[in-house]
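Next up: some structures, all given as structure tokens.
Both complexes below contain chain A, partnered by chain B and then by chain C.
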Partner chain A sequence: MPSFKLDGKTIPFEPGESIIGAARKAGVEIPHYCWHPGLSAPANCRMCLVEIKPAAGQRPIQLDVLSLDPKTGEYKYQPKPKLQPACQYPAVDGQEVLSDSSTHVGDARKAVQELLLLNHPVDCPICDQSGECKLQDYWLEHQKTQKRMRDEPIHKPKAVVFGPTIVYDAERCVMCTRCIRFMEEVAKDPVLDMRERGNLNEISVAPGRQLDGNYTLMTEHVCPVGALTATDFRFKARVWFLRSVKSVCQGCATGCNAWLDYDPRTSSVYRYRPRENAEVNKFWMCDPGMLSYKRAHEGRVAEPRIAGKTTTVQRALESAKKHFDGVPRESIAIVFHARYSNEDNWALKELAITLLGTRMFYRSGGAPGTGDDILIHADKNSNTAGLNQLAPSARPFADLLADIKKGAVTHAIALGGATPGDPEADLAELRGLKSLVTISAHDGPLTKAAAVVLPATSWAEAGGTYTNAKGLRQISEKAIEPIGSSQPAWKVLAELGRVLGVEPSWSKLKDIRARLLAVEMPSQPDVSAQAE
Partner chain B sequence: MIKTCNHLTKHYGKPNGWSLDAYEREGGYKAARRVLTEMTREQVTDEAKKANIRGRGGAGFPMGVKWSFMPKQAPAGKPMYLAVNADESEPGTHKDRTIMEENPHSVVEGCIIACYGIGANKAWIYVRDELHLARERLWAAIKEAKQKGYLGANPFGKAYPIDIVVHTGGGTYICGEETAMLNSLEGKRGEPRLKPPFPAQAGAFGMPTTVNNLETIAIVPTAFEMGCDKFSQQSALHDLKDGGCRLYGVNGHVKKPQVIELAVGVTMRELIYDIGGGVTGDREILGVIPGGSSTPVLLPTETIHAPDEKSPLHRFHGVNVLDVPLGVDTMRIAGTMLGTCCVTVMAVGTCPVLAMENLMQFYRHESCGQCTPCREGSAWLKRVVTKILDGESSMEELNELHDIANSIMGNTICAFGEGTAMPAMAFLKKYRKDFEKYVRGEKTRKDARLTVT
Partner chain C sequence: MGTAFPKKPVSKAAVVPVTYADRNISTQSFLPEIIKGLGVSMRHFFHNTREMMRGDRPDPVTERLDEGVTTISYPEQKRPYPERFRGLHRLTQREDASPRCVACLCCSTACPAQCIHIEAGEYAEGDSRRGYERYPVKFVIDELRCIFCGYCVEACPCDAIRMDTGAHAAPYDTRDQFIYEKDLLISFPGRDGSFATDNPRHEPGDPTHPGLSREQQH
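Presenting the complex of A and B:
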């Protein structure tokens, strides 16, 4: 593999790769604003300038700049090497590149920083980006001086509503065009552009349009500064109070890798941020997916219910037992759910086969929607592929409804609330059951029709693996503490087994993971995702 | 040495001088006919190199060499183009417009030869929108040439289709930068592109394109008519590969500002005193800007520094800058640039601080704003110079002013950055004392003049 030297360190590269790209892969950051590994390189911010030593026998390109002797007021021309943007310049085998070790590079970075902050409002206390802003980070790393312009900065439009999800502040904008390029290159909707010239430039939305569609929130995430803020997150939190876990989006079967950001002090979830995974979502997420973090709090089943009335876990379990009294165990139908983790569904299967001895398997899941050829999958369930693998014999939800109508199914244990059909119609059919015990995190026809409901944690409160449409089994980590009396579904299922008079074979998540690996899913779940 | 020519200017000021009749009466279109009917493409580029035409758009790149960068073969089934740069907006520059208005057929004929030489079948002429007459005259000339069969499917009977389209831009200076011009031509925002790729690799609509200044193209028929080597030899700098003749402009504080066609080799002093009739009010020269506002100003006392005896420029060592032939390399060794070859004279009595403010105002306004150093730096330069003039600045701020220019220099996407920083540095270095007077309050804006009598 060819390689070059960056400040003396050997950096391998693929032919065609830029200096900055190759350095990033090797874990070396060259400071940058406009460059983004998933977008084209416009080389406009000039933060990534590096010094490239001329090849042997080649003369360096030099330029004259002025130096001043302040005592005499005499200026002198002095040569300096021409610097090159590392984001545009391709890596060349054997080349010597100076970044942190070049004083010329240091001067250039400092200059770019000062220039970017020249007309910047520096309103960090009221800026949502504060704490994760490149201007702040690089000021400390590369500038550390007060700006020399003491005059009133240029004023530009603030709090411009770009659309239902995004608000723009032109004064904070560093004109890196990442947002423009994201909309054009990834979202394939070139709705943003730049207007005006010089330092009056600003980003604008195409006349007659607003910034809408399924990929608007990404503009806020690619924005290196606080120029674009998300309506949903504006003025809600200080990011330094938030903690992040590696999560997997529950919005659809694509299973985008995400950071789930939560406040441990209040145990509440604030947002999703895309987490890089070259094989799944690259750097991106869609809007519905990013907003699906709200499901951690919305529509939740927090407490157990008997006939719709809140009760305690103990009473609910006893009531469940009573409902199945005298019912032949092998005639209890089992309803798996495509929105629950492999671990939860495995526990349900284990309970059914080895402990109850039933194989009347059905499946449920959320209703399908529309997909696109960017990220969004028409299947709105996060674990359809996992379920297919664990319970291939599970029959479609429609069959369950038909069997209830025929009287072939009278008793059932179900995981999850959502059903694939019309909620009202599905609910009416499910009411035909004599008894239904549902373990669920969210309300839906399956909980509304249930005689007994046991609360389960959502993906945000428990670790689990989810297999996406490509067959990748991915780990999603626990963020917040369980809401109300909820517990992971696999745990509830163990307790249910116990009241039904059988002894479950699992008591820890570890046990289930080991069993999954040994028998059903003999490969390690994917944790390859890399942090950006 | 003053050697007047009238290849391009012979039609200037004549009734209907711009018409095909007038052009052909003086031998027009003979060169194009000969090129298309008797020469191969390679012969054309080889011959063109001998003319030693240095690009008239500012950078002075050898035209023939640029032509030879075009691929031998167009990418399968794809076109190649000629793009003629007539955006002429550099302050102090006013030559291309006269050609378009008074001798448009030289442009059309130049396009025919150039298209054939670079393997293109289509030429665009990118004209600033404000130049209504220039646009009309070009279109009229294209129409006449088409009717005569000099353009179209079989120019001069040769099965080599050539078409010319006049495109008017939105009228911004930055669209004169060749890649911004291509973007603008494509209907995009007029922002310079990153290079590489260069236009000869991927130019207009991604196709191989040669970009030449309008005057560069307009002089081509003359060179081919005379024989390119003979054309080049008109120049006193023929040995430096700076050949032929070109349009010189002289403006600012001279008695007879004008555009004149001269063999390369005239000196600035001749241009100012013999052609321009001397400095306004017979004043002394404060400074000269050799070729458009982006070229650093020269003091009349400066001399050429070329101590290297092996250098062909050594013969000018120690010569006053006003007395060397005005050429691409002579101006470079003088520490400035020939640029567009239109000399702007500032007489004593002009305020260099006000002159700098005037220029920086222009660059602040015209920066496309793409890259940080130029976008912010140009505006900051302007702001500080304004403060100095308004007596609101300090010595500390003056002492930092060159640093702004330094941080632009070499750090931008296009040469606009240097075009802003270099004149700024020159004004500071050469007129520092004047800046100090404003800072100390010895002078105020009321004392500042750009006009003299």
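Presenting the complex of A and C:
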């Protein structure tokens, strides 16, 4: 593999790769605004300028410029090398590149940073990017001087509504054009462009259009400064109070990797941020997926219920036992759910096979939707592939409804609330069951028809593995504390097993994971990637 | 009756016998001793008074008055505090008497005592500041927990919180009286008596303000 030297460090690269891209892969950051690993390189911010030493036998590209000699106080001609943008300059084998170690590069960065902040309003207190802003970070790293311009800065429109999800602030914009390029190159909807020039230029939406579609929130996430802010997150929180865990989006079967940002003080989830994974979602996420963080709080089952009335966990478990008294254990139907983790479904299967002896397996899940060829999958369940591997014999939900009608199924234990069909129709059919015990995090026909509902944690409150449509098993970590008296479904199932008079074979998540790996999916790699 | 910690027998020579007065009514009522003590005080009183009347010794009160008394009648009189004395907090006002605070939470983040609690909210529909900035729905300072370090004032990017009231927390009866809410904090004037600050602010609608929409030119 060819390699070049960056500040003395050897960095390998693929032929055709840029200096900044190869450095990033090696874990070295060259400061940049406009460059994004998933987008084209326009080289317009000039922050990533580096000094490239001439090859042996070649003349250096340099100019003599007047510069002040601080010792004598006189101006002298001194050679200054031509700096190159690392985002556009391809890496060359054996080349020597200076970044942090070059004084010329340091001066250039300081000057670029000062230029970008020249007309910046410095309204950090009312800016939602504050705390994760590249301008703040690079000011501290590379500038650290006050503004020298005494004039009133150029004022530009603020709080311009670009569409239902995005608000634009032209004053804070550094014109990196990442949002324009994202809409053009990834979302394939070139709705944004730049207008005017110099210090008057600003991002604008195509006339007659607004910034809409399924990939608008990504423009806010590619924006390195606070110019684009999401209506959903705007004014909601200060980012330095938030903590992030590595999560997996539950919106569809794609299983995009995401950071789930939550406030540990109030135990509430605030947003998703895309997490880089070259195998799944690269750097991107869709709008419906990014807004699906709300499901951590909306439509939740927080407390156990007996016939619709709130009760305690102990009473609910006793009631569940009464419902199954005298019922042959092998005649209890088991309903798996494609929105629950492998661990939860595994625990339900284990309970069914080894403890109850039933093999009447059915499967449920959310209703399918529409997909696209970028990220969105038509299957709106996060763990369909995992359930296929775990319980291949599980019959579709329609069969369950048919069997209830026939009277073949009278008692059932179900995981999850959502059903694939029309909620009202499914609910009416499910009411034909004599007794249904549902363990669920969210409300749905399966909880509404249930005699006993036991609350389970959502993906945000417990760790779990989810298998996406490509068959990748991905771990989603725990963010907030469980809501109400909910517990992870595998724990609830263990308690249910104990109440039904059988000792469950699992007590820790670790046990389940070990057995999942050993038995079900021996060779699937676990994919977790680092953030940008 | 055995003792838990047997002591060494006390040597006879070290023992000093103490005699106690008899417990009769005159000793138990303490009256004779009180009268005896009062007698000593009165003797000194008349002795000093006589010497002062004769002019044998100066009057200590008038003597101190001549020297210049350092005691003052607080709280009617107050000592001047230094110019940069950090007193109770106040929230500075805009021209329309609303707080300058934009609820950025910098002060509560900087506060080492964690005594500032802010709940941010968005301006109501139709307000010219809606969509532009936030305001504090709640702004509470626990003055009892505050250590008066002044970090909140340093952190504030809007000059919205100041400690220039020149006052310090009064000794209250209960702890909840030290919990200062937004309305109270905004009612304190600075030392110069004003509620504003000298630093200008660009309000939406001002000529210097950047404007809220593309149509609203400036």
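Just so it is clear, the second predicted complex is superposed on the first by the 512 of 532 C-alpha atoms of A that agree within 3 Å, B and C clash if a C-alpha of one lies under 4 Å from a C-alpha of the other, contacts with A are read in each partner's own complex, and residues count from 1 in each chain.
The rule is short, and it goes like this: a residue touches a chain if its C-beta (ideal position, glycine included) is under 8 Å from a C-beta of that chain, and two chains touch if they have at least 3 such contacts.
Predicted, not measured: the structure shown is a model, and the values here were computed from it.
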Per the contact definition in the header, classify A:Pro70: touching chain B only (first), chain C only (second), both, or neither.
first
Determine, under the contact definition given at the top, whether A:Ile126 touches first (chain B), second (chain C), both, or neither.
second
So in the superposed three-chain picture, is A:Lys156 touching just chain B, just chain C, both, or none of them (first/second/both/neither)?
second
Which partner, once the models are overlaid, touches more of chain A's residues, chain C or chain B?
B
First (chain B), second (chain C), both or neither: which does A:Phe235 touch?
second
Counting only touches as set out at the top, which of chain B and chain C does A:Val174 meet: first, second, both, neither?
first
Considering only the touch criterion stated at the top, classify A:Gln88 as touching first (chain B), second (chain C), both, or neither.
first
Which positions of chain A sit in both the chain B and the chain C interface?
none
Which bits of chain A are touching chain B when the two form their complex?
41-47, 49, 63-68, 70, 73-75, 77, 80, 82-83, 88, 107-108, 111-112, 114-116, 118-119, 148-149, 151, 154, 174-175, 193-194, 196-201
Chain A partner, complex, touching residues on chain B are 172, 174, 189, 194, 335, 364-373, 375-380, 383, 387, 397, 399-400, 402-403, 405-407, 409-413, 418, 425, 428-429, 432-433, 436
Note which residues of chain C are touching chain A in the complex, please.
102, 104-106, 109, 120, 122, 131-134, 157-158, 208-214, 216, 218
Quick check on the complex: what are the chain A residues that touch chain C?
121, 124-126, 130, 152, 155-161, 167, 171, 235, 238, 240-241
